[in-house]
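Shared chain: chain A. Partners: chain B in the first complex, chain C in the second.
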Partner chain A sequence: MLLSVEGLKTYCYTKGGVVKAVDGVTFSVNRGEALGIVGESGCGKSMTCSSIVRLVPQPAARIVGGRILFEGEDLIAKDESAMRQIRGNKISMILQDPLMSLNPVYTIGNQVAETFKVHGRRSSRTSITREVVDVLRRVNIPSPEQRLKDYPFQFSGGMRQRTVAAMAIAGEPKLLIADEPTTSLDVTVQDQFLRLLKQMQDQSGMALILVTHDLGIVAETCDRVAVMYAGKIVESGDLQGVFASPAHPYTEALFSALPRLGQRGKRLFQIKGEPPHLLHLPDGCAFWPRCHKVLDRCREDYPPMISIHEGRRAACWRLKGGEA
Partner chain B sequence: MESVLKITNLFKYFPRSSKAGVRGQPRVLKAVDGITFSIERGTSFALAGESGSGKTTVARLILLLEKPTNGSLLFEGKDLGSLTRQDRIWYRSQVRAVFQDAAGSLNPRMRIRDIVAEPVEIQHAELPRQGVNAKTEEMLRFVGLSPEVMKNYPHELSGGQKQRVAIARAMIMNPSVVILDEPVSALDVSIRAQILNLLADIQEQLGLTYFIIAHDLATLCHVSTRIGIMYLGKIVEMGDTDELFREPLHPYTRALLSAMPQPEPGRVKQRPSLSGEIGSALDLPGGCRFHPRCIQAEPGCREMEPVLKETNPVHLVACHKVKT
Partner chain C sequence: MAFWILKSAMNKGGRENTIFSQVRELPLAAILLLLPVLICGIFGSLFVPHNPAAVNPDLAMRPPSWMAGEGWTHVFGTDSLGRDVLSRVIAGARATIIVSFLGVVIAGAIGVLLGLVAAYFGGWFDIIIMRIVDIQMSIPGTLLALLISTSLGAGLGTVVAVIAIVFWTQYARVTRGETLSVKQRDFVVMARVLGSPAKRILRRHIFPNIIDSAMVVATLQLGVAVMLEAALSFLGLGVQPPSVAWGKMIAESRLYIATAWWLPVFPGLAIMVTVLGANLLGDWLRDRFDPKLRQV
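Moving on, here comes the complex of A and B:
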């Protein structure tokens, strides 16, 4: 086991009250494995990721409970300088908008070189340049030697995101967290980027946490999947299992609400209402007001995470004793 | 069937900078480079393609937000190039639009009532306030909102609600054509299904004609009757949605379809897909504009530009490799 998150709680303290953005999230990632975290906006998936690298927007947000075990060590207990050694070296992150991750006034070569300079390995300028060219070539930037002197605005969207990926893998991390990495890209470019992620994983054996709202991307990239709703994981398990027979009504509804090819004019299944505001969560299960299979019990108590079978868990009162 | 909108040989060039290019000619961005299509009453015509393919420019031309460089637009047989001021006002009540970013298209300083009622107040200044209010209320109910939101400001509504307001504003003038520019791409999966169903219901009830722009082919497959695939300002393939998705002929359409992530784990993807990214409309390649990315390109594709030819009466494709 590479990463094990246990009962993680990250709360935001706002004027309106305490927002439980991440409320007791438990999951794990094995070496070389790809985990997809799926959910709608505001469900806490990004906050979960920034908690792992301890980059939550303080002081408003704080990690208030749980453990994040990475290679057996609790990251929450580490001090800032120890965390700096881990970020970029052992755990890297790719964010949604590559333009926000790149500094517009420095050249691409300069910015990629910075990651080599910061992360140890003291070497001469020429050898750093060689490494930069190398890593840019690994992410398929055409003629990297010539593009070193370019600025981010001279790169296309796909090339920018691949540059960010190059910076992320420069330190040869054990775990790469990619938070909606392809949302700003076109489908064909997205396809290229997801292939690149897969290829980087195959080559280096790094683990991947891919955050997305697109179930199609999960199906093509991940081995396991966790579905989040209102700050909690409602279902997790292996890809085939979850996609073939979703156990939680929310997961099931997400699949039926998806427009698919070859179903022209068919009415889509509709999840009623909207995702709840985290400040005004209903009593009991957070999903019950929208659920098409609601029971009386759901309105009162939050259902426990029930193990359906090996590695497959869901939190729903309908799943007593393991049968779906 | 009667065509509501008929677009013939439409061109839109944007001159870029007064400075002459390398060969002494001024540089020109060919956003729309000669496209022809017509939309029949009560149907949905879709334009698909990557960003930069010119889809939105076509919409802006139809909405009279841009003047075409050349070509003609006919609305119910009337030439849009020769409308009088009075005609234009009438036209704008007949052809309405819903944009991708509802938050950006609703004035943050106006109340929902004023946003939805504004078109009526402009076009029918003689109506008493109460009459306008009643109509606004009716419209909000029609799109599934409670009339209580009338006193709210846009920021107080969720993304899905804002999109419903934008739809109400478009529908209140009882238009005959509605232009939907990425109507659901900014929304979460569960809300997306609600809006797509709503749009389908409205179309059925009012017999509307839709012109839809989107990059998500699954969404388009769901809502359109006929679809055109655009690449760098030209339609490369056009046909009935069912047929086009069942039997895509152009290599670009095929690449788009195979690049689309689908929520089916273990699906074997047809490879190889596209290399590179969409080119620049400022600097079009000679011959077929898709040839630099095409896996089937032959020397001939570099020299001769293919024209849109019928393979059967409802399916057109522009590719040298497709036998007609």
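Moving on, here comes the complex of A and C:
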């Protein structure tokens, strides 16, 4: 087990009240494994990621509970300088927008070298340049020697995203967190980039947490899936299991909302209502107002995570024979 | 790529980027006004027609040469002690330039540093710094300047200190605001994710992105600094004799305003030219670099 998140709670303290952005999230990632975290906007996916690297937007947001065990050590207990040694070195992250992740005033070579410099590999300038060229080649930047002196604006969107990936893997991390890495890329470039992620993972054996709202991407890239809704994980399990027979009504609804080939002329399925405001969550299960299988009990108590079979869990009263 | 080409083409109105068009974009008025002042300040002692401190009672109160019709020895006339007004105006540029530049630069260094740190780390440090800024901004600048210079004693160093202390707040505010917004940008988050320490992020990623705004504040404050220096030397709290300051020349001419208009007018014009030049330069810089006017 590389990473094990247990009962993580990250709350945002706003004027309107406490927003429980991440509310008791538990999941784990094995070495070399790819975990997909799926959910609608605002369900706490990104906040979960920034909690793992301890970069939640302070002072508004705070990690208030739980444990984040990485290689057996609790990251929440670590101080800032210890965390700095972990970031970029052992856990790295790719942000959503490749256009914004590069500083416009520095060259590509200069920025990719940052990871090497920060982590104190006191090597000479030429050897850093060699390492930068190496890592750029690993992310398929064509003729990296010539492009080192280019500025970000001279790169295309896909190349910029790959450069960001190069910065992230430069420290050879054990875990790479990719927060919606392809949202701002067009579809063909998306596909290229996902294949690159997969390839990097195969080469280096690093684990991957891929945050997305696109089930297709998860299917292509991940070994396991966790579905989040309103700050909680509602279902998790291996890819085949979850995709073949979703156990939670929300997961089921997500799948029904996908367009299918050969289904012409029909309206797409739509989950009724809208995601709840995190300040005004309904009592009981957060999903019940939108659920097509709602029971009386759902309106009162939040269902516990119920183990369906090995490695498959979901939080729904129906699984506990609640139908009776 | 195409977007950038298009954008630069639109900015230039489709004009070719010739030397001529580059010259046209320079702030010519500001340069024309400031350059002579700068030259006088730096090289003035090489070409002053007379020793600005030389007293000559025989030649006292001569009007400008074109009025007296007695040759070009004293172009701007002489004062009550027979000192050459032109030479003194040229010599006065030095004190003005040293004091206002140094003061504005020191104020900038203090303000930018405090603003950066306050915005980046936030918390109690931010609160304390910004409340000090608020409090200081509610005290009239001139009053504060008088208070400081009377307690420190007159002199060049004092005026520099006064300008630094009075002006740093503006930088702190502007820098803090800019830093707060740059701090949220993804490349800063990315640097943190990759484990860069705060000092490195501030120096490498935030500072280059906020320095434009600080530069704009600096040039706009240059004009105010010149005025403040003149005011302090008018009140006798500026540089001390034998150094010359425009403000003091005006102060000395108070008694003779009715009879010898050239005594206050020429140093007054010098102040006006410097302040106007600095303000025009500041406006030009602001139009180019102010993030509020910048097209992203």
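Everything that follows uses one rule, which is that the second predicted complex is superposed on the first by the 320 of 324 C-alpha atoms of A that agree within 3 Å, B and C clash if a C-alpha of one lies under 4 Å from a C-alpha of the other, contacts with A are read in each partner's own complex, and residues count from 1 in each chain.
We take it that a residue touches a chain if its C-beta (ideal position, glycine included) is under 8 Å from a C-beta of that chain, and two chains touch if they have at least 3 such contacts.
Everything quoted here is computed from the prediction, not taken from an experiment.
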Clash or fit, chain B versus chain C on superposed chain A: fit
Partner chain in contact with A:167 - chain B first, chain C second, else both or neither: second
Partner chain(s) touched by A:102 [first = chain B, second = chain C, both, neither]: second
Touched partner set for A:265, first chain B, second chain C, both or neither: first
In the superposition, chain B vs chain C on chain A residues touched: B
Partner chain in contact with A:55 - chain B first, chain C second, else both or neither: second
Partner chain in contact with A:72 - chain B first, chain C second, else both or neither: neither
Arrangement angle, chain B at one end, chain C at the other, chain A at the vertex (C-alpha, nearest 10°): 80
Smallest separation in angstrom, by C-alpha atoms, between chain B and chain C in the superposition: 5
Residues on chain A lying within both footprints (that of chain B and that of chain C): 156
Footprint of chain B on chain A - complex, ascending: 40-41, 156-159, 186-192, 194, 213-220, 239-240, 243, 253-255, 257-271, 274-275, 290
Contacting residues of chain A [partner chain C, same complex]: 53, 55, 58-59, 84-89, 92-93, 95-97, 100-103, 105-106, 114-115, 118-119, 153-154, 156, 164, 167-168, 171
Chain C - residues contacting chain A, complex: 1, 4, 122-123, 185-187, 189-197, 200, 204-205, 208-209
Complex interface listing, chain B residues touching chain A: 50-51, 158-161, 188-194, 196-197, 200, 215-219, 221-222, 224, 241-242, 245-246, 255-267, 269, 273-275, 277-278
